[in-house]
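Shared chain: chain A. Partners: chain B in the first complex, chain C in the second.
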Partner chain A sequence: MVRDIAKKEFLSTLRDSRFIALSILVLLLLLAATLVGLYSYQKQQEEREVAQQTVNDQFANSTERHPHRMAHYGSYAFRPRSPLSFLDFGLDSYTGSSVYMEAHRQNSANFSQAQQSSSLIRFGEMTVAFVLQMLIPLLIIFLCFGAFTQEKETGTLKLLLSQGISMRKLAWAKIKGYSKIVALVVAPALILVSVILFAQGNFEVNGDILLRFFLFILTYLFYFFIFIVISVVVSALNERSSTSLVTLLGTWILCCIIIPKASANLGSNLYTTPTKAEMDAEVHQEVAKGIDGHNSKDERAETLKQELFKQYGVNSLEELPVNFDGIVMAAGEKHSSKVYEEHFDELTETFENQNRISEYAGFFNPYLAVRNLSMGISGSDFNHYIHFLKEAEEYRYNQSQKLNYIQATQLGYGDKETRLSSDTWKEFQAFSYETPPARWALQNHLVSIAALFVWLIAVIVIGNKLIDKTKVA
Partner chain B sequence: MQILKNNSSQVVIEAKNLRKEYQGKLALKGLNLEIGPGEIFCLLGQNGAGKSTTINLFLGFIKPTSGAAYINGLEVASNVTRIKESLAYIPENVMLYPNLTGIENLSLFSSLAGFKYSDKELRQYLENAGLPAEAAPRRVSGYSKGMRQKVGIAIAVAKHAKVLLLDEPTSGLDPKASNEFSELLLNLSNTGTAIFMATHDIFRSKAVGTRVGIMREGELVEVLPASDLEANELEKVYLNHMHL
Partner chain C sequence: MNQFSTLLKYEWLNFKADKGLLILTSLALLAGLYGIYYGTSEIERQQENIAQLEIIAQENIEEMKDKYPGDADAGDLGYYHYTFAINEPDSWAGLSLGQRDLNPYYLKLRLLNLQSQIYDTDNINPLKILSGNFDLAFVFVYLFPLLIIGLCFNILSIEKEQGTLPLLLSQPIGLPIIVGAKLVFRIIIVFTLALFLSIVAMWWAQVVPDIRIVIWIAAICMNCLFWFGVTFLVAALQKNSAFNSVVLLGIWLGLTIIIPSLLNIYVAVKQPVPQALDLTIKQREEVHGGWDKPKKETMERFFIHHPEWQHTAPIEGRFDWRWYYAFQHLGDVAVEDLAIDYQESLRKRHKLANQLDFLSIPVNVQTTLNAIAASDLPSHLNFIRSATQHHDAIRAFYYPFLFNQIPFTHAEYQDEPEHSFMSTPDFTTANKGLVKLFISTLLVFIAGFLIFKLKGASVK
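The block that comes next holds the complex of A and B.
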């Protein structure tokens, strides 16, 4: 029974030229988004790899320099894009792609795509995720809005039910048929993505990419299923196709446009972030005057000096077996990093609180649950960005401290003339960044995963109950 | 002369004090009726008299306010899906799936009823229902109302149902098609199928009916044996009841 109805829905739709035209359009958009996404990914990735290699080489092949001069010469960390981010750009276009890493300063990431593009980027980019999140639900709505209303309007519903099929079975048969049609539209694009990922040698295939791709597909299958069930149920509850279509389009506007904007605005109003200038000023002040304002830089240096005199039993900086300049630099670096870390964590927490509004809104809106999860799986969400910044900061801190150590142990107090051999810089490990594993990504989106499952269960349970209440005559 | 019961000891279609109320307005006022195997019961009445409500109650599409409808002894309201196994229905305007062919439509509806037929058998059912052989493999979107009605008949026949519910099935059919349809009903009746037909067509009722019921404002006001009356007498009785 279910198979026969599903087959009929599938055949009927395939013979509907209007739907075929719409499907081809969506499929072409999907394929175009895949290819454009891949091109953009490859271009940026290549640029960043070349840039990273260049700055690494420049650092390693630097001329003879004083270690502290080298610490200020610094280096750059370029954020490599996660392999699946060509499917969902997420925040990648708005977050910086590189961090200048130097002594004493924790610079923010710069050179985002948005900074380098026209204002049109604010309208969003044509990515695979955009098509899957926004356009496929529209296609589903146009496909399913008349699932029951057309049967009611033409009278075929009574004829169908008189054959002995129950409303519930009929609804599930329709859902099955529509699911096949949606799969038919999406499958060619997914096959192309698979070929790009696994057969073209564009990516180093590993278990993590496989897992992420599998989760990406699974997430969207759930999402489409939720939209199909909602559309079929709304169609069953309405008497006329026009009201069913208007209801579903209203739901789409609410889910895909209004609630996401509202939750973002609510988040930023509830949890306000300081401006960059405010944060920089606070960090600078606390580094100079101490976190509590009572332990200034000079006081800290004096305390450290007295401790060293006591430790080594000497009375002057020249008598110290270590270079006080290096020691005080290391202590300063430690202090400034601590200050920065505290402010950074505070800022991150504010952003996380803002994002949490959107995550919890996923319980009211499947689009938000999927959008957050999709970005997470693709490695283009806020958490991946913060992960990169933390790795870059850790590298910067370690590099600075290593140079301070060299200064403290290999150079004498007040020595600003000695230049270390260029071979010294070759011993420094170059910055390299690896995207965290899929499991880490999922742990950051447990709320969205829960929301998606709640939606899945809710549409099945509530859908069944509502279908049973459908008026036939 | 009220003949609410059939002459047969068996009852296939039955209504016991069946009432249906819509927002405080009674659409059906305590219908009592028994129809036996092989009987053709024709229900005459104006638009809004309660004919379609009666059929919808027998089909289980709506629930009675009180009383009960029975098909083959099973109460409809509590056996909505099960009663459909032995029941076929032809609406006033058979609407099929326009993107499917006549054969595909018949195949779909038959398979829903649990019957899988070969292409040859499906063509035969359609041909027996009067559909031209060359129309069977064409999409239904190009069919006339009469052709769709014939596919509807084929769907009902292919189900081998013991109960046939018809809601003004000859409405809009040309005289030839109507006559063919009447013959088909008589053939089905001869095989023991109980037929309940709501109609406006007094002459068709007289021609095929075993009994004719007249319904007015939700009430079955008269039931007559069709064989006892001439068509013009039946018309008089009908018009009297309608106060025309």
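The block that comes next holds the complex of A and C.
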């Protein structure tokens, strides 16, 4: 009986030309979003790879330079996009793509896609995630709003129930039928995506990407299931199709349009973001209390000097077996980087506090739970961005310190003339960035994962209860 | 006319009795008030931050005075001392924040080469930017259409579904009059709400009262009329309520999200902006390469651009600030074409998007509102241009100290060029937007009338 009903729902939907037209439209959008996403992903990726290669070569083949000049010449980190981010751009369009890494200075990540766009981009981007998060739920609503109301309106519900099937069983039979339909709409696009993923990796299986893709699919399957159950339950609770539909559409508008924006705005109202100028000024203030890499007359430098004198048993800088310039610069870099890191972590924390509201709102709004999780899995969320920035900062710090070390050991005190050949620069490891593993990505989204599971259980338990309670007049 | 007012009166009674409609309208009112609060508070925060920048700049001057208690070398100041270029918000910006949250509204500038400084960004939370702003423009562009759809999707179908249509039609009135009266009633409600919110926002934000009040109200009202036209058009098809709600939401989704996102892709492909990374890389090569080129050659190249300093004391020794700032400037000169190209490409991109926005009324309305609030991309580019001029002014201020080798005394700080900029509203774009909006509105109503005429009244 259950199987028959599921089959009936499946077949009758396939006969509905309006639904077919809508499904084809959604499927086309999904396929288009896959290809467009891939195109812009590849283009950006290539652009950044070329740029990264260029600056790496420039560094390795740099002319003869004094090590501290080399530290100011610096490097760039161009952020490679995560392999799966062509499915979900997440924050990628809103985050800077290049960081200039030089001595004593932490620069901002510049040139985001959004800064290079007109206000169009603020209306949203056509990505696979967009279609899956916003359009498929609408399709589901359209598919399911009449699940029970139509049977009520035509009087067939009583007939069905007189066959001895319970409301609960009937509901699950319908859910099963609708799930199949949704799978039919989504499957072709997912197959295309898998083919693309394998082709990209030259048909070598990359475990982590595979795992991420699997999690991506799983997340959305849960999401669709939640929407199907909600829609069927709402339909069971309503007497008329039109009220059922309007209720569901209203819910969709609230979940997908209003709450995400309101919660993000609320977050930024509650936790004030300091400006970069303010932050830099504070860092500068705190560093000034310590040591200034360019100014060895400072107190700290004096202490350092005395310590070195003691250590080597000498009385003047010239007698030191190491170059004090390099030593003092290294100490300055260490200090200022530490101060900066503290402020950066504070800033990150402010942002995380702001974002937490959207995260916890996932318990009230499955869209937000899935949006956050999907970005995380695709490697385009806030955490991945910060991870990149931290890696870039670490690289910057190590590079500066390595150059300071060279200056301290290979150059004499006060030597501003000696230039080292490019052989020295070739020994430096170029900046390269790897997306962290899927496990790391998931750890950052425990709240969203919990929210998704709570939704999953809630719709089943509460849904069953509500359906049991419905009385058929 | 008497029938018309009777219809209006009964609509009002109906409306008062219908809790759903009342809730919907109250929600729109609340959303609007929140939008006003959010938008204006965001701009207030920007203004507070701008005020803070003045303090930071002052602190920097104090620090410089401490560091160089006597006469200072202007070269040292050029390196350690900074000023801010500021993009002041227009008084209207709180109503339509546009891109002001995304692009930095201030730049920290030193005498060093400009191109390594003007693309710096502020601390922004990308998730917040992705989610966008809940300002009044959002309420009008996104939520009012939904309100209108909610008020009107069953304007005709409900009379059929409740069986009241045959009764109504038994009176000597035509179907278009019935729909018209119901529509006029709803237009009055929505207009009242829109005007109320607009006036509250203008009063709250203390906007400069100029022609923009008229443009804003015209754009908002026409935007509402357009969406009434869409519901009228769909009502003319005389289908049931469920069909209407799906079709109307589909149109909303198409115009507000799907078409803009497709346009965004089209514009990005059609008008690529590849210069940014090249620019940043080349700029570094040029500036840092300056250290390795013979000083004489560098100075000769610099004097081509600044012949007025040609006959100053020759550069000698290992290091000279004049030479340093000369190659800093030459770094800017070397990428000037790329930089102009970059800015131009961005402007072209914006222009192309504007040309296509007749395909989506929401984009068109947003563009219009951003244009009058001076919060769009061109406004930011104008700021960049102004910041560039400010950097020129800084150079012009410091060069005499450097090249004539005059000591920089504490008194000089107050003569330093200051920068403040406010972009002017773009009335051309706004007026074009209004014209497009007017034509679109007219078209949907004409189409609606035609369909009504063709279909005739059917009671079932």
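Annotations for the structure displayed:
The rule is simple: the second predicted complex is superposed on the first by the 458 of 473 C-alpha atoms of A that agree within 3 Å, B and C clash if a C-alpha of one lies under 4 Å from a C-alpha of the other, contacts with A are read in each partner's own complex, and residues count from 1 in each chain.
As a working rule, a residue touches a chain if its C-beta (ideal position, glycine included) is under 8 Å from a C-beta of that chain, and two chains touch if they have at least 3 such contacts.
Bear in mind that the values here come from a model prediction, so they are computed numbers and not experimental data.
Touch criterion not met for A:Lys390: it reaches neither chain B nor chain C. Residue contacts after overlaying the shared chain place A:Met1 against chain B, while chain C stays out of touching range.
In the superposed model, C is the one of chain B and chain C that contacts more residues of chain A.
Residue contacts after overlaying the shared chain place A:Asn107 against chain C, while chain B stays out of touching range. In the superposition on chain A, A:Arg356 makes contact with neither chain B nor chain C. Touch criterion met: A:Ser162 reaches chain B, while chain C stays clear of it.
Residue contacts after overlaying the shared chain place A:Arg300 against neither chain B nor chain C.
Residue ranges on chain B touching chain A, taken from their complex, read 52, 56, 59, 61-62, 80-81, 84-85, 87-89, 91, 93-97, 99-100, 104, 108-109, 111-114, 139, 152, 155, 159, 165.
Those residues of chain A lying in contact with chain C across their complex are 29, 36, 40, 47-48, 51, 54-55, 58, 63-65, 69, 72-74, 76, 78, 90-91, 93-98, 100, 107-112, 114-126, 130, 134-135, 138, 142, 145-146, 241-242, 245-246, 249-250, 253, 257-258, 260-265, 267-269, 272-281, 288, 347, 350-351, 354-355, 358, 382, 385, 416-417.
Here chain A touches chain B in the complex through residues 1, 4-5, 8, 11-13, 15-16, 154-156, 158-166, 472-473, going by the rule given at the top. Interface of chain C with chain A (complex): residues 31, 34, 38, 41, 45, 49, 52-53, 56, 59-60, 63, 84, 98-99, 102-104, 106, 108, 116, 119-134, 138, 142-143, 146, 150, 153-154, 161, 240-242, 245-246, 249, 253, 256-258, 260-265, 267-268, 273-274, 276-278, 280-281, 284-285, 288, 291-292, 318-319, 346, 349-350, 353-354, 362-363, 366-367, 370, 376-377.
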